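In the part that follows, the structures are each spelled out as structure tokens.
Each of the next two complexes has chain A plus one more chain, namely chain B in the first and chain C in the second.
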Partner chain A sequence: MLVELGHFSVVIALVLSFAGIITPLIGLKTRNATWVVVGRRAVLSTFVLITIGMFILIYSYLVEDYSVKYIYATSNSKLPIFYKVAGLWGGHEGSLLLWAWILSLYCALATLIHWKSQPVVMPYLILIESIVLTGFLMLILFLSNPFERIFPVPLDGKDLNPLLQDPAMVVHPPLLYLGYVGLSIPFSFAMAALFSGRLGEEWLKATQRWTIFAWLCLTCGILMGGYWAYYELGWGGYWGWDPVENAAFMPWLVATAFLHSTMVQEKRKMFKVWNLFLIILAFSLSLIGTFLVRSGILSSVHSFAADPGRGVFILGFVTFMLVLSFGTLMIRAPKLRSQIKMDSMVSRESAFLFNNLFFLVALATVFVGTLYPLAMEVLEFQKVSVGAPYYNAVFMPVALGLIFLMGVGPYIPWRKSSSENLKKLFVIPMLFSLGMTGLFFVAGVRKPYALAGLAVVFFVLAAIFLDFNKLASFWAKREKSNRFQGFFSAYRNNPRRITGIIIHIGVLVMVVGIIFSSMYQTEKILIMKPGEEVNLQAFQLRMANLYGVKGVNWTGQEALFDVYKEGQIITQMHPQKRFYTVSQTPTTETAIYQTKMGHLFVTIPEVAPDGSWARVRILHNPLVLWVWYGGGIMAIGAFMNIFRRVRKNRMPVTDPAGMVPEVSANIPQPTR
Partner chain B sequence: MKRFETWHIFLLAGLLALVVLFYKGLWGDPTALPPVIISKPAPDITAPALLEAKNISLKAHLGKVVVLNFWASWCLECKEEHRFLLAIQKRFENNPDFVMYGVNYQDQEKLAKEYLQIHGNNFEHMVDEKGKISIDYGVYGVPETFVIDRKGIIRHKQIGPVFGDVYSNIVENVIEPLLNEPA
Partner chain C sequence: MAGKKFGIIFSVLIVVGGLGYLAFGRFGENLVYFVTPSEVVTFGSDRYGKKIRVAGMVVEASMKVIPETLKIRFDLTDGDKTIPVAFEGVPPDLFKEGKGAVVEGYWDGDQVLHSHMIMAKHEEDYMPIEMKQAGVKLPTKGLIKTLKVD
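Presenting the complex of A and B:
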């Protein structure tokens, strides 16, 4: 009965989200603000209703109601509570419901936060968000209903996919959705700017925090997924260029480009069309990503069931959104031609331009690599798969270029830079970089890509340090304090800049982690019997025993390794091969030993049926932890950026012409 | 809109191509492997035998009905079907037009030999050293069993173990009729 109530509230939510499309349209047509107020109430109620639906579903998970087909498919009475709740996003139907819930949450928050400050945007925001929400609710209710019942009622559930029974996996999907869907807010503001003709910088300023929050969630979601793949799938690597990983990475690339290029528009009023294009592209890629993942048209580790019916619906919807958004952009763009020309190729503007160019080239390489196998299949050529060698060859140079720009862009002046100026800014970083790279060369780092990567990293690091030093001494002099306090004054006065640089530092740390853990990874795969030994780097592993083990919902085999270094035993490791009895799925449980920021990584992907031997895979991943440390620093930077204090002495708007709405007469004024 | 600009056309063409690609892609199965090679000529095999120091060639058996069984010592289901394989060989071994080979797949020679010692053996085996035979035959797991007719055409493919009903079917409805076909 309760489940029907949840189902019913989602049905009502669909009706109301449809109202959320109609009412702002009427409001805009009749210039009557009351209609927009109705629209606002509609989207707020939609959020409440979907929340009810979702919590009823979660409650049904907890009380083990297996008469609900979706719960039967993704849960089991033996699961710990934690994973019972996570079962909600353990499959297709529930994931979509979560998607819709997050969308309605964002929409409700945005209408509440910006209602007073952005009255012009509101009808458009409600309209656009409601269109997206209606599409998703229709998909949920008509084609993938999580509330569907089955009869006869099964005694127990089929269990959550064992690979998903993992803490990282519990937070990975919600974070990704928060990122994907979060881009819908700047997207809606951009569409509102296009529709209303208020094409100043205001929409960028209003959405900067939304964008960076979405970006933060996307970043964390991707990293979490990488961490999960690293130890749960036993890949031994955190990034496999899997199509579904790419589907999350592509909007990330564009969102990152967008975060950078908006600064140019804010400061120099350039790149107006470009910014609109980027945010539309970013959100479109989120939708395309959802399509790629949910339709199952790509071969991936994320093997979701393929269902052409759903695929056609999502594709139709995505197509509609693409046509609507890009079409509007094309029609409106001629009004937006920037009056300002670039003064010089040696300026911050041009650094940003290159930044954007590089990000889009990066996007293109990932895009082509992801869709190439599909295109080959559709054109009935042979089956191909595109793997790491392609990406390493094509993506790496672009990535190096982007990192290099991190050392240039933030420090080169706007408009134009003299060669004098350039010398002052970049000679020291260049020399530092050369010196450090030389040091690493002497220390034995010989791979060209590793050296190039390190050279760029040190260059950027020196540039950042010089800049911080300059800022700190400037503020120290001005406030007659020491440099340390000076740095904090600098932060207080321009938190956006400093937090941005903190994110850059995070990227550098991550890049060092990637360079060492991928290029200096060592691996051994062999068959071992108890008592046998193997050497890897400085480590000596002895398989002491191989025996059967049993968990609550699985049975398996475990190997016990004694790990020695320089003749001393340093640890014992227990990799497992598990077999989940309910879902009849085998999994590989990794054993990881941490060694100075790196990992010793052991799996047993295969065990002899009689338990006499095991196939053993041993990896040493130096500095692999830096990848996640870097991610952590990036996240801290983004957090500080979002929660920075707004400066009180705000600058008056300098360009009133750009602020005057062309169709202001059309704009309904809210009554409250 | 006044007129189309170049970037409009590129963007529209790109979007259209993308949508068409996605639409077409929906009807394919990304995990499907190259079509089963039933009713196609069996790829030739020349491979070292597992138990003796000699080479086995499939060409030499043209005119006979050939059964190929892909197996490995680490494969649980292979163990299940092994006695049925022995039974097939026993049933037809007096027919000069019948021959059966095991193809040892991704295995270690020592373990494979041990396996045959433990579970018994009455037919010959070859070693798929570099995995080439498995790729030629589109094998993506063991056990898999192929039946090739007198003309060298693959007529039957069994994915998974041969036992119970599958065994009766393969013996009575596949091998026997093929042996009765004229050469």
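Presenting the complex of A and C:
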């Protein structure tokens, strides 16, 4: 009965989200705010209702109600509680419900937070969010219902895919969805700006934190997925240019470009149409990503079934959203000319321009690589796949360019820079970078891309250090304190800039990790019997034993390795080959030993039936953890940016120039 | 002013052109074609040594593990034609006789598919029941078509 209650509340939520489309439309037409208030109540209740539906489903997981088909397919009585709850997003239907719940959560929060400060935006926000929510709820209720029952009731569930029984996989989908769906808020504000004609910088200022929060979640979600792939799939890498990874990476690329280009509009009132285009593109790519992953077009751990009905529905819905948003942009764009032209090639504006250019080239590359094989297949030509060399050919130069710009963009002045100024800013970083790269060359780093990467990383590091030093001494002098305190004053006075630079430092750390772990990975694959030894780099591994082990829902074999370095035993490692008994699936469990500067990574992908030998794969991944350390620093920077304190003492709160968008005079009032 | 504008547009074009060339100048070389064993057996010498992905079923009782090495030999079939595969490396967890697999490698003059990478198909258990039923009804050709890379 409870499950039917959950089902019913989601049905009501669909009706109310439909009301959320109608009421703001009536409100806008009749210019009657009461209708908008009704719309707000509709979206708030939608959130409550979907929450009820979701919690009932989670409760049913916990009480092991396998009469629900979806629970039967993604859970089992032997699963630990943690994974029982996570089973909700372990399959297609529940993932969509989670998507819809997060969307309604964002929508409810946005209406609560901005209700007083952004009254003009509210009807449009409710309207746009409700359109998206209606689409998703229809998909859930009509084509992939998680509340559906089966009869006869099975005794036990089929188990959650063993690959997903992992802590990283429990948080990966919610984080990714928080990122995908979070982009819907700036998207809605942008659409509101387009519809209402209030096309100043207001919408950017109001949504900056929403965008960076979405970006933070997307970043963490992608990194978490990479970490999971790294140790759970056991192939030793974290990024494979898999279409499903690309689906999450594409909105990230555009959101990052957007976060940068908005600064140009805020400071110089340029790139107006471009920013609207970028945020519409970013959210569209979120929807396309959902389409790619959820329609079953791509087959992988992420897609659970190929049901043509769902695919057609999502494709139709995505097309509708694309036409609606890009159509509106095209109609409105001619009214949005920026009055300011770019002054010089050597300016911060042009650094941002090239930043965006690089990001969009990267996007185009991923987009073509992901969709070309699909297009080929749909057109019945031939099935093809696009390999990593294609992506690497573009991404390595693009990454070098972007990192180089990280050392230029934040420091070069707006409008125009003199050559003296350039010398003062960049000669020291250049020399430092040359010197450090030379040192690495002498130390034995000879691969051109590794050297080029290190050169730009050191260039940026020096530029950051010089800037921090300058800021610190400026504030130290002004407040008559030491440099350390001076730096904190600098942070207090411009937290947005400093947090941005912290994110840049995170990127640098990550890049160093990527360079070394991908270009200087060493590998050995061999057959080993207990008692045998093998050397890799400075390590010596001895397989001491090979024996059977047993878990709650799996049986398997485990190898015991003694790891020696310079004749001393430093650790023991236990890679496993598991067989999940319920789902009849084998998995390979990685053993990882963290050395000072990297990872020793051991798997046993195959064990002889009689247990006499095992196929062993040993990898040394230098600096691989830096990838996630860098990600952590990026996350801290983004977090500090979201929760920064608003400056009070330097500028008056009301800025008369900012109140009236400077183009509003040219725009006729909407004739609704 | 016109000169500056030209400079900006020109440098943008150079960057886009250069990167575009990197991406698509050798796009064809970076494509890996999916073929079936029936297509592979018709290959002429011009297609020897080119990277391909072959989708098929691993023939029951055809797998031979060569002792003390990482080499495995097995046969791959699409129900019509069967080809021998010489594989060296680590097969994926789900690689089994009688199951679907996608083998990446190259076909050579010795009429053997040489491979270092196999992608196995996920179990149908993770599909809803109606799909499983539908899967049973699929004809052989359609079955090969539904095999996708993991």
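One rule holds in what follows: the second predicted complex is superposed on the first by the 638 of 672 C-alpha atoms of A that agree within 3 Å, B and C clash if a C-alpha of one lies under 4 Å from a C-alpha of the other, contacts with A are read in each partner's own complex, and residues count from 1 in each chain.
Going forward, a contact is a pair of C-beta atoms (placed from the backbone, for glycine too) under 8 Å apart; a residue touches a chain by one contact, two chains touch by 3 or more.
Just so it is clear, the structure is predicted and the values come from calculations on it, not from any experiment.
Asker: Putting chain B and chain C onto chain A via the overlay, clash or fit?
Answerer: Partners clash after overlay.
Asker: Touch test for A:Tyr390: chain B only (first), chain C only (second), both, or neither?
Answerer: Touch partner of A:Tyr390: chain C, not chain B.
Asker: Is A:Phe291 in contact with chain B, with chain C, with both, or with neither (first, second, both, neither)?
Answerer: Once the two structures are laid over each other on A, A:Phe291 reaches chain B alone.
Asker: Examine A:Ile525 and indicate which partner it touches, taking first as chain B and second as chain C; both and neither are also allowed.
Answerer: Only chain C is touched by A:Ile525; chain B is not.
Asker: In the overlay, work out which of chain B or chain C sits against more residues of chain A.
Answerer: Partner touching more chain A residues in the overlay: C.
Asker: Given the touch rule stated above, what does A:Ser344 touch, chain B (first), chain C (second), both, or neither?
Answerer: A:Ser344 sits against chain C, while chain B stays out of touch.
Asker: Is A:Arg617 in contact with chain B, with chain C, with both, or with neither (first, second, both, neither)?
Answerer: second
Asker: Determine, under the contact definition given at the top, whether A:Met330 touches first (chain B), second (chain C), both, or neither.
Answerer: Touch partner of A:Met330: chain B, not chain C.
Asker: Taking the superposition on A as described, I'd like to know which of chain B and chain C A:Gly311 touches: first, second, both or neither.
Answerer: first
Asker: For A:Glu606, is the partner it touches chain B (first), chain C (second), both, or none of the two (neither)?
Answerer: Touch partners of A:Glu606: chain B and chain C.
Asker: Which segment, 1-9, 19-27, 55-63 or 127-135, is the chain C region that clashes with chain B in the superposed model?
Answerer: 55-63
Asker: Using the superposition described at the top, list the residues of chain A that contact chain B and also contact chain C.
Answerer: Residues 298-300, 306, 382-383, 527, 606 of chain A touch both chain B and chain C.
Asker: What part of chain A is in contact with chain B in the complex they form?
Answerer: Listed in rising order, the residues are 288, 291, 295-300, 303, 306, 308, 311-312, 315, 319, 322-323, 326, 330-331, 334, 371, 373-375, 377-378, 382-383, 527, 606, 608-609, 613.
Asker: Residue numbers of chain C touching chain A in their complex, please.
Answerer: 1, 4-5, 7-8, 11-12, 15-16, 18-20, 22-24, 26-27, 30-34, 51, 53, 68-70, 89-94, 122-123, 125-129, 131, 146, 148-150
Asker: Write out the stretch or stretches of chain A touching chain C in their complex.
Answerer: Residues 69, 73, 91, 150, 158, 161, 298-301, 304-307, 341-345, 350, 353-354, 357-358, 361, 364-365, 368, 382-387, 389-390, 393-394, 397-398, 401, 525-527, 583-588, 605-606, 615, 617.
Asker: So in the complex, the part of chain B that touches chain A is made up of which residues?
Answerer: Contact set of chain B toward chain A: 1-2, 8, 11-12, 15, 18-19, 21-31, 33-34, 74, 76, 79, 108, 111.
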